[in-house]
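Chain lettering (A, B, C and D) follows the sequence in which the chains are written, and residue indices restart at 1 in each chain.
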Amino acid sequence: MTIELELTAKDFSSDQEVRWCPGCGDYAILKAVQGFLPDLGLRRENIVFISGIGCAARFPYYLDTYGMHSIHGRAPAIATGLATTRSDLSVWVVTGDGDALSIGGNHLIHAMRRNVNMTILLFNNRIYGLTKGQYSPTSEPGKVTKSTPMGSVDHPFNPVTLALGAEATFVARTVDSDRKHLTSVLSAAAAHRGTALVEILQNCPIFNDGAFDAVKKPDTKDDAIIPLVEGEPIRFGTDGRRGVVRDPEGGVRVVDVDDVGEDALLVHRVGLADPSTAFALSQLSGAGVLQQTPIGIFRQVDRPTYDDLAREQLETAGADTPDTKAALGALLAGHDTWTVA
Amino acid sequence: MTIELELTAKDFSSDQEVRWCPGCGDYAILKAVQGFLPDLGLRRENIVFISGIGCAARFPYYLDTYGMHSIHGRAPAIATGLATTRSDLSVWVVTGDGDALSIGGNHLIHAMRRNVNMTILLFNNRIYGLTKGQYSPTSEPGKVTKSTPMGSVDHPFNPVTLALGAEATFVARTVDSDRKHLTSVLSAAAAHRGTALVEILQNCPIFNDGAFDAVKKPDTKDDAIIPLVEGEPIRFGTDGRRGVVRDPEGGVRVVDVDDVGEDALLVHRVGLADPSTAFALSQLSGAGVLQQTPIGIFRQVDRPTYDDLAREQLETAGADTPDTKAALGALLAGHDTWTVA
Amino acid sequence: MVGAPYSGEVTTTESSSGVEELASVVIRFAGDSGDGMQLTGDRFTQESAVFGNDIATLPNFPAEIRAPQGTLPGVSSFQLHLADHDILTPGDTPDVLVAMNPAALKVNLGDLRRGGTIIVDTHDFTDRNLSKAGYASNPLEDGSLDDYVVHAIDLTGMTVASVEEFDLGRKDAARSKNMFALGLVSWMYGRETDTTAAFISARFAAAPDVRDANIAALTAGYNFGETTEAFGVRYEIGPAPMRTGTYRSITGNLALAYGIVASGVTSGLPVFLGSYPITPASDILHELSKHKRFGVTTFQAEDEIAGIGAALGASFGGALGFTTTSGPGVSLKSETIGLAVMLELPLVVVCVQRGGPSTGLPTKTEQADLLQAMFGRNGEAPVPIVAPQSPADCFDAALEAARIAVTYRTPVILLSDGYLANGSEPWLVPDVEALPAIEPRFATAPQNGDGPFQPYARDAATLARPWAVPGVAGLEHRIGGLEKADGSGDISYDPDNHDLMVRLRQEKVDRVAQDVGPTFVDDPDGDARVLVIGWGSSFGPIGAACRAVRASGISVAQAHLRHLNPFPADLGDVLQRYDRVLVPEMNLGQLRMLLRAKYLVDAVGHNRMRGLPLHVDELVEVITTLEKETR
Amino acid sequence: MVGAPYSGEVTTTESSSGVEELASVVIRFAGDSGDGMQLTGDRFTQESAVFGNDIATLPNFPAEIRAPQGTLPGVSSFQLHLADHDILTPGDTPDVLVAMNPAALKVNLGDLRRGGTIIVDTHDFTDRNLSKAGYASNPLEDGSLDDYVVHAIDLTGMTVASVEEFDLGRKDAARSKNMFALGLVSWMYGRETDTTAAFISARFAAAPDVRDANIAALTAGYNFGETTEAFGVRYEIGPAPMRTGTYRSITGNLALAYGIVASGVTSGLPVFLGSYPITPASDILHELSKHKRFGVTTFQAEDEIAGIGAALGASFGGALGFTTTSGPGVSLKSETIGLAVMLELPLVVVCVQRGGPSTGLPTKTEQADLLQAMFGRNGEAPVPIVAPQSPADCFDAALEAARIAVTYRTPVILLSDGYLANGSEPWLVPDVEALPAIEPRFATAPQNGDGPFQPYARDAATLARPWAVPGVAGLEHRIGGLEKADGSGDISYDPDNHDLMVRLRQEKVDRVAQDVGPTFVDDPDGDARVLVIGWGSSFGPIGAACRAVRASGISVAQAHLRHLNPFPADLGDVLQRYDRVLVPEMNLGQLRMLLRAKYLVDAVGHNRMRGLPLHVDELVEVITTLEKETR
């Protein structure tokens, strides 16, 4: 699939004016996607973006590919039908934290367990943007919004934790503002066979500004971002002073590298069959205001995909034999006929 | 709450004839529930069972408490409204693997993350019983059913894994045929503040007979059931020859106790704040035909419940002050009035 | 229920040879849900069909999977009408009742014709079972059956005796009693048991003991009829005159599934079914999952919404998307149907109606989802609606729904019901080559050569928009649920554009009527003053009632609608021609309301919500009374 | 829009004192979405209301949160009609347009009355911004505004100058330009700015710089009008005669939220709102979440279905359950509404309608969910439907919906719409003591002393079943979505019971009409031959049109329905009294269809789906033409 099509980011920009608020993190994600789509070696006409409803869900309009801006929460279901019938397409889902985890939660977890070929970009701004600022299932507890003047009382989902609970085969997290990281994670996601879930931390300057400041601001960033790199010990902080080790009590925890020695650090491996370590790593980001979080690929394993298996059954059954009319005649007649002369 | 009400199982039996198939595991669960409800020290009228649709969902009809047989998949949502407005009630949800994990998946995971006070009994027979035998989201891959003549191609959910991904505060598994275990787990669940999810392995002799034979048959049972007991090293098998240890590669694994020594065994602790160990334990049951599985309480931690917090806000706001009419008058008038004389 | 409708008359001839000739008979097999009554009925249907009778059937089973044995709610039954002439219904009142236990007798006796025949298995008439069934005394002994011809036989005992040679426990041995009963009834009506024996051989090939026991029981039952003197007379129901051709017996759900398979073949499109199991629609999913070789993909979705969502996604990709469900499922799918209206993509939503509201009576029939199909979505969201009128007609209705969906790029709702789904009748197997073609006509290039592709430009005749499928270079476009500009399909908030688009979508659906021929009115005498008009499965009872009314010397006209939205263009004129219009429905008057609103005709209703087909006798009375009022 | 409807006449008096007296004026403030036009309009509304004018408003904002600055889709506007007499609509065509940038001028100019006044901020009329707005040349210079009275002023520049003393950057300084504009317009129409100054003080208490700058800009704008000679004349619109009492200005969503709070107080029940945010209904959720002290619990659910599910669960527990949504949400809630019909529990479903189908025009208004409300469920599942006719009327409609729900133990649908939701009018603040009481009348004991409790026994007058709430010993019972036996509520598959229950549920809803008074028909001349009948928010335009028609010497009658299901008992008679019946609706004719079906009256429609209130002028024409046809 490395045909040189000589497409550029411009070829992937539609003629529609982009209409997010000034400063919205969605712009950066759009730019990054337009930037790396040409590198996938796919023809525009073979790419389909399907979205639900929300600010994020406007995404498909801005890409000159095939696209559908569907209804709230249902994009993974729609994408499942498309991916199952069209193995030749690259199917993408764009969704927000409300779209994916509130109304669309069921379709999301089922797509992941089935492992249908699609790449899901979950724009997590921890707020409902389009409906003007209610808290979302990823908002921190106590969040004061229009619908929670005394603070919300819901414990939030951690999208990565939930995805691992649903036994997703590819789970990653990245940040809108880090184009390089975003591009590398999305490229890996696009290359994955099966459902790839990528949580993208996305700033909503209008209704939830600064939700991810800790992981974005130059002065806090290094201590807040825990980069997960395949085959590397998990280290972070200024001068890599901090690291992650397995906790004998279960899970993982953050230590000073000086205290334990570099060799004690957990070496990140995305391909472990058992998702337990990935799960433990996902627990490093607290449910409250985001102070610290791993980014990168948590899990990337092979498992047969739903649509491949479904198509295999069609083939095994002989769907490619051409005598369908004769076969149909035989089917309709069945075994117990009688004839009136 | 230990009032002696002198109720018996009979007091909890309604006048409706029980109508499951002969041999259905649901009978045993009903008996167990009728048997231990009197021990909870609750009045019948303060107990409400809410179910969705399915064979399991007929449960409320057979208990002489308040009950609602609602619609497919929605019981946790309905229970949320009831639990939030009525702190004096003991709210139970009865649901099947299809009801809870297919159509009702979204409500289930949201109830668990919010931690609403309700006890959810998930009767998992790994099949759709009421609609006469289609595979369910917990059926093993390759399952041949009416809707999958060539075998299903879905990877199943592990209900315990999914619940931990949704950050449930109480997660347990038990078996229809083991009345003692069932009773002890359900009693602990009933005592838990917050959402308690109990997966009950339940045999459907008509459409999925023997799905849990490995964990039920005298000759295989000991090697298949891994009992989780608070504070005890996790040991099982004939003469307790096998045990569970942490795997240095992540997760946990089964070993021969002789190989590692008893002290190396993982001591089970339900109250760990980090759910990672519970998650790792849940991964011991494979996605295929059930050969081996932990039963007991995986996780039991305290976290403020949604409904307690919601009621607290009402109180803080002064919902109990009696001058509502005057207050209403002031509210309706607001600040910017003018008077026409 | 085959060939030219509205013919035939009921005749009964007696002969002196111990063989009585009958024009028709209605038999009901009833027993515990575990007794295999559905299979027994099915097989007798098949034997009679092969013999050449016209047939119509009505299965009836409890909502419980297996209600406790011997209880009233556990009773399952299968009613079968066979005749030497064209018939339209499974019959209001059985002539013969086969009752396998006290509960079955209790539940079904009330429906039996006075003077009818009862064949009853005495084996279970113990005190315990009698009281379970709510009998204070044994009806076989207390004289309460004096009005009937009763054959009280220990069917179970004889079955066990007949299979003694096989290596079966007593319980398993007794299981074959339904075959014994079938053998006996087959003898009574001169039916061959060969096809059933062949069927049993195939079905139980893997369990030779069971196979042989069943065949032995079947034969023993037949021979018992032949040998004993208990039955003085056999009956003969001659073959019905039918159009020449090859026939089979078929249920509505099977015919519907075949119609879906056929629509894939005639359109050349892959078929994608996204479905969530629900009674009484699940069998369509089951059947379609067997036909992968025809390029039919079945997706058992996580819920109703995902089922239709996936089907719509498949349609976007150029497949023929279907979803199958019942009323509660349609409720859940409403929002997505609305999206499909906006996207203007082909999609067929099959609703096999059952008793409502809410969970209602899941295993019973009703016609109360017509208005939900018409209006159950936000905004002005019109969709074409078609309905089959008999089990076999489900095949044609499915093809018609698919044709409209593809031709007009629109979701279409097909309204079947529980009676059609499980009922069966003979079906003249169609010639595949003669099936109407469905033309996808995918877009292949922008309309104006190089100009930008206009996904919402419209065909002048149908107002259909192009179906432009991913994979075609140059047609890249984005569609969605927001209002779109006429032509370009871009998002548009322009007030006049919205007004125009709402009207265009309505007009497009209205134009479906241009493919629909004039309303067929059956008015053999040509002078009827009353028109009876219906839709869906009530075709049978209405037709039978009209025949009976005419047989009594009164003229009456009948029309039956395949297309509920839009109505045939001439329907208003048709209605105006009659003094009175009667609309019998298994609901509170849904079609009636639509007719009144559109044509301002003072149509009256005959409405029954009993979970059962309309009663012919009642209808005859209503029609007759109404007709008298016109004089 | 207050007091006795259907009075008043439009008069314009000129005076010679530099102050011109007007009977009414329609002003539209328009600018970029970031320019604060909604706030400006709100404040001017408040000032005028306090002054004593009658008012009606129409906010209009883009679907985007913040469309790019200076673009056409980014324009936000607020229209305000103020008068010295009772008015009914925000006006078809503004007399005055305040345009804060080129895009605002471009988008709104077409609606302005020829000869109208334009106040325009020249600051942004740069080449770049002009081309962004699609202007080839500067309209302030190219003569294209010659038909209007144009005041081209550098509002931004003057604002910046006026707040120089405060410590603000230029960009922040410029933000106050809307207050400058408000000050100027306040001067023009002789409005006091005190309440606005007080409002600003409270709102920006935490940011003294911003507070002071805004007040300074407001004052500067007022003084600019006073000082400059650019404005020759001020206008005076006297107070409107209104019923005595205390008034406030209120939007429909706020009034609806207050009605819900009040229903909790008058019934003595805790209120539970289960809701999922959706435009244009979200503000009801926001407002109710502030009123916990009244025992109002708000639950922001994970989806639409959970929202109504939780509300139903709360109702089962004895709370007053509400859910608020718009059309797409009602689609998703259909199945649960059906369950509520079967459970016969109180529940109010508020649907704030918006443009459809599908996602449609989310921020625009429409009335196209009536038939969904009537029929959008499987089976025969009738629910009462009520609709408010003006923003303030949303309060009464909410109370009426709650009353019906509790009295008849039934889900009720309340149909508001986007125009009512965001529009505002003066509201005579009601006396709380005088609000109608709602009586829960919970069941406290089994009906027959010791006998088993009968959860489906019925009240003789209302056919309501007992509301038996968990916690009461002796009333333990189980309910569900399966058909239930009359009285006992046990599951029942009995055919005749089902028929009965379907009819009982329908009859119960029909009986709601017994509490509804006769239809109020406004036919001041008493000799009208045309009746105009409507529902919901079109009350304003229809009423205004009828007045205008009468002013032209033609009689016309008007009726407006609060109850859409069931209809008032006398409605059929009312309709028969007129030669012609006209049903204007913002849909393709949904009420019209129901009226035609029920009463066989040849009602005609006037139908516009433009996402905007009906135009009065158009209506006047339609009515006049129709009236002429009757002669």
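Going forward, a residue touches a chain if its C-beta (ideal position, glycine included) is under 8 Å from a C-beta of that chain, and two chains touch if they have at least 3 such contacts.
Keep in mind the model is a prediction, meaning the values are calculated, not measured.
The chain with its Cα centroid farthest from the Cα centroid of chain A is C. By number of C-beta pairs in contact, A-C leads when A-C and B-C are compared.
Distance from the chain A centre to the chain B centre is 29 Å, each centre being the mean of its Cα atoms. Spacing of chain C relative to chain D, judged by their CA centroids, is 46 angstrom. Measuring from the averaged C-alpha position of chain A to that of chain C gives a distance of 44 Å. Chain B and chain C, compared by their mean Cα positions, are separated by 40 Å. Chain contacts: chain B has residues 53, 71, 103, 105-106, 110, 137, 150, 310, 313, 316-317 touching two or more partner chains.
Residues of chain D found to touch two or more other chains are 73, 292, 302-303, 328, 335, 338-339, 358-359, 480-482. Chain D makes touch with chain C in their complex at residues 62-63, 73, 326-328, 330-332, 334-335, 338-339, 341-342, 353, 355-364, 366, 368-369, 371-372, 374-381, 480-483, 493, 495-496, 498-499, 502-503, 505-506, 587-588, 593-594, 596-598, 600, 602, 608-612.
Those residues of chain B that touch chain C in the shared complex are 17-22, 53, 55, 71-73, 102-103, 105, 128-132, 134-135, 137, 146-150, 152, 206. Note for the complex: chain A touches chain B at residues 103, 105-106, 109-110, 113-115, 137, 150-151, 153-158, 161-167, 246-252, 272, 274-277, 279-280, 283, 287, 303-304, 306, 309-310, 313, 316-317.
By the touch criterion stated above, chain C contacts chain B in their complex at residues 64-69, 71, 73-74, 276-279, 282, 285-286, 289-290, 292, 298, 300, 302-304, 328, 358-359.
Note for the complex: chain B touches chain D at residues 14-16, 43-48, 50, 53, 60-61, 63-71, 74, 77-86, 88-89, 106-107, 110, 310, 313-314, 316-319, 321, 324-329, 331-334, 336-341.
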